[in-house]
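There are structures below to look over.
What follows is a pair of complexes built around subunit A, which joins subunit B in one and subunit C in the other.
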Partner chain A sequence: MSRAQAILMRLLHLIPVLIGITVVSFLLVKLSPGDPVRLMMGDRATEEAIAVVRAQLGFDLPLWQQFALYVGNLLQGDLGDSIRYRIPVAGLILGVMPRTLFLAGYVLCLAVPLTIILAVLAARHAGRWIDQAIRVFSVVGMTVPVFWLGVMLARFFGLELKWFPVAGYGETFLEHLHHLFLPALSTAIWLVPLLVRNLRASLLEQMGADYVTASRSKGLPEGYIFRRHVLVNSALPTLHLLGVMVAFLIGGSVIVEIVYAVPGLGSLMIGAVLGRDYNVIQGLTLFYALATVLVTLTVDILSTLLDPRVKL
Partner chain B sequence: MTALPAEFVPVSRKGRRTLEIGLGCGILAAWLVIALAADWLAPADPDAIDLMAVLQPPGMDHWLGTDQLGRDILTRIMHGARVDIAMSVFGVLPAMLIGVIVGLVSGYFGGWVDSLLMRLVDITVAFPFFVLVIAIVGMLGPGLANFFLALALVGWVSYARLIRSEVLVLRDAEFVLAARGLGYQPAYILLRHVLPNAMAPIAVYAMSDAVMVMLAGASLGFIGLGVQPPTAEWGAMIADGQPFIAMAWWICLFPGLAAASLGLGFLLLSDGLAARWISK
Partner chain C sequence: MNIRSKLYSALLAGAMLVSAGQASADDVIRIVSGYPTTTLDPARSAAAGNIETFGQLYARLVRRNADGSLEPGLAESWKISDDGKTVTLTLRDAKFSDGSTITADDVVFSLLRVRDLPDSAYSAPLQQMADAKALDPKTVSITLKTVFAPFIGNLEVFNTGIVSKADVEKRGEKEAFAGAPVTSGPYMVKAWKPNDRLSLVPNPNYWRTGYPKNDGAELIEVGDENTRVTMMISGDAHAVRGVPWSQVADLQSREGISVPLEPSTVIFMTLLNHARAPFSDLNVRQAAARAIDTKAVTKAMTFGHALPANTTLPGALDFHDKSNPGIAYDPAGAKSLLSGKAPADPLVILITDNPEAERLAVLLQAQWAVVGLNSKIEKVDSGVWWDRVPKGDYDAAPTWWYNETPDPDLALRWALCGSCGSKSFYTNYNNAKINELTEAAAAELDTAKRAELYRQIQEITTSEVSQIPLYYPPYANAYSKRVTGLMMTPSLQWTLEDAEIVQ
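And now, the complex of A and B:
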């Protein structure tokens, strides 16, 4: 099967997933015990008024017709209106999305170089004290609650030393960098250990491979072998992992946004959940899933372009 | 923050790792004792409000200080251990049970059953774990029961994938072929011959999953969607302390350390067992 065919198959594979996430996001609201119309109308609405609005929104139709209506609206980019803000959910999401994307990009800029440095150090000195120290850092980084780390960093670097603001997003690009440093750092401290463990393991695996022994027997210097052969061959599994992690990052940023009051998708999500804003929860859940699918797809295609041996 | 995909079952060099496993078991056992005996060990009543002693720093009267309502932090951490341990155990077990059944059936029978179940897996992993948990809890309402329900609905996926890949190998093993040749029922073969041989990676993954589930539960508590006040829970305690962080750091600090140490226990055990059982 040629590469183009493989990519085409991968795209066809998306169809059931896309249908699935649409169904799940639809059922999420339909199966919930609350009544969105009643919430939207407030406590003082009469039964007649509620019935009229219910009919207007199509909530009195059979379930499959409601689903058809939902899909029809989705295809036109209509996610319904927010019950709380009374504006279209799609606009609300697109309005705050850049902030979350900025945060995610920032985290990657911090995490990727740090991961490479730590993993290379650990693998080249495997079993020695520096490897042990990095391992301890990894284990601790994975068990510490991100939100707690956020609160603690905010107190120390924000309130004590006053180096960074403890909340908000800022106006200009530089202010964004300044405001989002602590949120990005808190997330990176949680993300880096996972990546380091993975990259270190695949570096060690490659270092024991036959082609390394062959290069060594030719008399090539260790540093050259490491850079030219080992590092390049270890990059792919970690790229794959990074794709999984970016998907995780989108979800993981929710709690960090709350701690640092960053008005992004996460804050919107929590606000909607606490305020029972059903349409926003539904729209955001769908949006998050689409973003995840897109990231995974990109990484898969990128992997097969970089290394033809990778099967999709 | 999130349950990890199955790729994360740690792979490390073979070794007995007695120190790691012992330390992990020790930490977990200590927390279990604290949680079970909180009523007798704790110096105070977890919900006793004492407005004469609000925001007291750590000292002789209150070893870890008091919160904004004068409640003893040490006592609340001990009682909170009950909730946080319960979250990690009961958040993992139902998901594991569902995942194991799905994985066994899917891997052993193959065919359209397998395709159908794996499409279901694809759809579930398309949602970021924490977002889906929040969405489900948000729709059903806050509280522990809904948290467990959400985790069972979302968390089974990794177990199903993990056990399916084991079953695909074991399906053609000689002892399985022999059992089939002797005419045993598929259910008997799966439970008696396949499952015991596929259990090690599941147990190892469940331990590291427990860390992530506990952190997810504490995160929900922090947001206000988990255990409802006044019940003591570590994440909710940290949220309580956040407004007072400038003057009373101890309200936040100690519950966070408690959560990290419980997670450390699970992770050490998971790592140690991985090296002992499934290293290459």
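And now, the complex of A and C:
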């Protein structure tokens, strides 16, 4: 099977996944208690007015009819309108998506180089003080709660030193870089230790492998062996972990988005859940599923490039 | 470690370069609130964030000045007929943001759609209106079902703003308010990013010449209260709504920030479900009320920034009875009232999942336990809370409400009148005498006599413990001293058009 065929097959696998997600997310939001119409219209809306709007939105129909309508629209590429905002869900998601993707990309730009440097340092000096120091940093980074770290970084770098804005997203590319630095750093601080621990372990494992001893016996320089063989062979497990984490960041950057008031997908999801905005919740769930599958596919393709033995 | 610290320094230096390259675009007023704008149609929501927005977009026929008294708005004058049932309003020369003239037809259209649209969120302010007619392009005649003292004041309520009939008919109800509505108020919408911010620019055709005094504003939605405070301190916000009480003193002590604690029509109280035992029993309600030391609760909840509530009506409303002694704190009396009546099963205290509600619920639970009233706290999100309370699926529910105008009529209809549609804020309190007094007070044009009727209403509902009044908080809004003229009126409206940035 050629690579193109393999990719196509993987994309076809998406279909049952999306059908499953659609059914589950639809049932979950519809069966959970709480009325979006009451929340949208405010405390003092009369029961009659609420009933009228519920009927307008089709909430008085039997559940299977509501599902049929939803799926019918979905098949035509229509995610429906937000109940709260009365505007199309697709536009709402696409409007805030760049911020979350920017943030995820920013986190990667900070985390990947840092991971490689720290893991290589730790592995090459295994057991020495530098390894211990990196281990302490890792434990601290993984255990400090992100919301606390976020608040502390904002207060210190934002309020005391005034180096970075404490909230928002900015207008231009440079402003995005400036505004999102603290959110990206807060995320990187828990992400990097995870990746460092993982990469360090694989590096140590590979450094003791037979082929390394064989290379040494051929007289190859240590640096060359490390870069050309050890590092590449160790990267695969960490790459897969990173893929899972990127998918998680796209869907789950809720806490940093809230602490730093970055109106991205995470805060859209929180608002939608609290406001019972059914269509937005379902639209976002589908989007997350799609993003997860695509990220995993990208990681698998990258794996085949790094290691020709791996097949899609 | 060296490499790491070098990397950090390099990143920080890079970021500082970026910050140095930015222009300071400090010409719009940024207001940060936890309450979202979810619609731009004044008829379709009465939720807190939208109320604040509608006031900036749509001018009303009358307006309130800084001291709260009514003055002409889009109507430059009005006349009330001798029988009190016909109001004739004369419009001033004014234009919508698209340059078209605001006519009597627009006024009639705007008022009738709030009263009549089946999905109108809050038609109560205009329920006494029998008919509205345009006599000529500048004159509107409104006939009332009965004599109704609060009517002119109700024309100032947030959802009675004037919208363009021609535009709504041309673009349709949905499209006309989708993103760029034609406005009659001080501002127009520059951009609306749902879940993020509403950017406003001055409406060049606004009838108050010289207003707004600023180049525009942004209403920014930030749900986390700590983030809002951080934005205030950092200068990212010119005003923030809802500072946590624990941080008020800290903000007040900072240079360049003021927290004036403006009076509000908010009342914190606990709903009691009169439809089922034990709170269907007056003695149990009175016992529950006497068990609570409202002074201590007020102090604990608001760090002493609020006043203990003495009646069932908000303290900032007209005709609030300051002489009413309130319900005395009397745990011994509460115990004897309860003797033999305390339920075996614990009461359900239903709250929304937020720290303030939780603190309040814990305080109530502890004080009720002292007199032998056991309870359990159920925390739900606001979606579930609003599902259960209207259905009467609770025993007690500490929460708050406010009134959108200083006149108490709408407050009564919402919270104390059993025949006015909301079952006395879903407590199921229904006293025929109160229902009668509500109508009588609204129809009374003599201020002294009205005051007496509202005094009676407060006396009866407080002694019958329709709800347990707890405290009257001011608004905990913080303002940058770089902005002058900005405040929030008791009826939840920013005086944004008067605000100026001083350099």
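Here is the rule we go by: the second predicted complex is superposed on the first by the 256 of 312 C-alpha atoms of A that agree within 3 Å, B and C clash if a C-alpha of one lies under 4 Å from a C-alpha of the other, contacts with A are read in each partner's own complex, and residues count from 1 in each chain.
The rule we apply is simple: contacts are C-beta pairs under 8 Å (C-beta built on N, C-alpha and C of every residue); 3 or more make two chains touch, one makes a residue touch a chain.
Keep in mind that what you see is a predicted model, and the values were worked out from it rather than measured.
Contacts of A:Val24 after superposition on the shared chain: subunit B is touched, whereas subunit C is not. Once the two complexes are laid over each other on the shared chain, residue contacts for A:Gly243 go to neither subunit B nor subunit C. Of the two partner chains placed by the overlay, only subunit B lies in contact with A:Thr292; subunit C stays clear of it. In the superposition on chain A, contact is made by A:Gly251 with subunit B only, not with subunit C. Once the two complexes are overlaid on the shared chain, A:Leu274 sits against subunit B and subunit C alike. Of the two partner chains placed by superposition, A:Pro183 touches none, neither subunit B nor subunit C. In the superposition on chain A, A:Val144 makes contact with subunit B only, while subunit C stays out of contact range.
In the superposed model, A:Leu159 makes contact with both subunit B and subunit C. In the superposition on chain A, A:Gly34 contacts both subunit B and subunit C.
The intersection of subunit A residues touching subunit B with those touching subunit C, taken from the two complexes, comprises 33-34, 151, 154-155, 159, 258-259, 270, 274, 276.
Residue ranges of subunit A in contact with subunit C, taken from their complex: 33-36, 38-49, 52-53, 56, 82, 84-87, 92, 95-96, 110, 113-114, 117-118, 121, 130, 133, 137, 151, 154-155, 158-159, 162-168, 174-175, 177-178, 181, 258-261, 263, 267-268, 270-271, 274-276.
Only residues 13, 16-17, 20-21, 24, 28-29, 31-34, 139-140, 142-149, 151-152, 154-155, 159, 190, 194, 197-198, 201, 241, 244, 247-248, 250-252, 254-255, 258-259, 269-270, 272-274, 276, 278, 281, 284-285, 288-289, 292-293 of subunit A touch subunit B when the two sit together in their complex.
Here subunit B touches subunit A in the complex through residues 1-2, 4-5, 7-8, 10-12, 119-120, 122-123, 126-132, 134-141, 211, 215, 218-219, 222-225, 234-235, 238, 241-242, 245-246, 249, 252-253, 255-256, 259-261, 263-264, 266-268, 271, going by the rule given at the top.
Subunit C makes touch with subunit A in their complex at residues 1, 3-4, 7, 11-12, 15-16, 18-19, 21-22, 36, 38-39, 44-48, 50, 118-124, 174, 178-179, 193-197, 220-224, 226-227, 230-231, 233-234, 236, 381-384, 386-388, 390, 401, 414, 421-422.
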